[in-house]
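For clarity, chains are labelled A, B, C and D in written order, and residue numbers in each chain start from 1.
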């Protein structure tokens, strides 16, 4: 299910969608240690501009890594870099679509540059780009 | 326990250390959906250049968010952006230190630029920087 | 499977045994927020007198609540108080036996006082006692 | 971020706040084995005096250990004892504040006695005290 570098061309896309549930947020807080009250204290969060608990930005961003590691390019690729802009908060219960689009293929260096976005209900919540090393097709 | 923008100055640092256990990797795979065999298939991973399963790059990177969200600047800050370079793989069982250092304080815009690194046994495994909005001290 | 107050008499016992795995410790750290490095940072813990990560004391103690809430007296009882002495550390991988013994039955007040202990490999690791309200047998 | 015994004095306080979500209760039931229907059977619990599922008393109490192990006194301290009175039930969804206050400092024995409370919406739900060994400041 993986792409080799020879298979990649600009504008190819893949996506992964998931609802970020309260369970995901509690588990993410646990494994990361990020106990910021915005994520685990509903009374605190209700009194902020966001009006309630939000998901960790890096939890939404992790869905980008899911697309890269399992679909485009998929297993065998090596994640070299990821730039992220957090544009809007994601609330607990929001369904996030991580969308990856090929921007540029560097055949010589076996690298691909990808546009990486997350969307919720038609609004972009994360923007950015990634750099990935991709294996050549076996001879 | 949080910093206001007036409290921040270059070279302030904070860190968070955690051993990335198999449990963390399995749970991260579950909540992110990133089931790349490098993380969950020991037989596959043993036959790659890494010689065994590695932790998700975004799992190590999440420890950076822990420092930012709980220590420097801490609760009340808003994460605006994060750039990441994945330099070396992190194996299951490695202890990762996420280190955050203030690079630049933009008092007018209430923003701080942070150097963000992860280290394992004296080697830098992730490099990058983050942009964070920080509240003013209440009058 | 529950006892009514009329059924209880001194020296009745019940127990619950469980191996405290790394997974249990990571999950307990997550839901409690107790990220003390003794529990989540193997490099730190290896350099302490304990020689490695230990389980949270309250995780072992929770097995006492399991006996009280499910076996002696069981569902319907109300947990009023618990005194705990942490005598020895419990290492990740140790199998803990929580042992509850009836000390005293206060029929009038519908209360029972219980001795509550945890044991690992023949050594007592937690000692203490609990006070529990127990329902009367329906007429 | 830890206190040494020389730094401690009566009335010092620290706290940790967390909403006890359904996820926390289910995970706590899983790792402790406390499957009392008050915590995991909504139909059973709805017909009791509490009107619905409640969180495990030891789950709320665990937040006390979080304050002790991470903030006051913090890493390096050793938990010797904990006495707990469960005053009121905590419902799923309640936000619990664990509050720790220094009662007495025993410099000779390197011990501190702490008042340990949990609060929900202005009502005390757990009361008690703890005994902790605290390291001396290195010479």
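One rule holds for everything that comes next: a residue touches a chain if its C-beta (ideal position, glycine included) is under 8 Å from a C-beta of that chain, and two chains touch if they have at least 3 such contacts.
Since the structure is predicted, the reported quantities are computational estimates derived from the model, not experimental observations.
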| item | value |
| --- | --- |
| Set of chains whose contacts include both subunit C and subunit B | A |
| A-C or A-B - the one linked by more C-beta pairs in contact | A-B |
| Copies subunit A and subunit D touch via same or different residues, half shared test | different |
| Euclidean distance of C-alpha centroids - subunit A vs subunit B, Å | 15 |
| Inter-centroid spacing, subunit D versus subunit A (mean Cα positions, whole Å) | 36 |
| Centroid spacing, where centroids are CA-atom means, of subunit A and subunit C in whole angstrom | 41 |
| Subunit D, residues touching no fewer than two other chains | 18, 23-24, 27 |
| Topology of the chain contact graph, where touching chains are joined (line, ring, star, complete, other) | other |
| In contact (per the touch rule at the top): chain pairs | A-B, A-C, A-D, B-C, C-D |
| List of subunit C residues in touch with subunit A within their complex | 26-27, 29-31, 33, 35, 40 |
| Complex interface listing, subunit C residues touching subunit B | 22-23, 26-27, 35, 37, 40-44, 53 |
| Interfacial residue positions of subunit B with respect to subunit A in the complex | 16, 18, 23-24, 27-28, 30-39, 44, 56-59, 61-66, 69-70, 74-75, 79-86 |
| In the complex with subunit C, residue positions of subunit B that touch it | 17-19, 21-24, 27, 93, 95 |
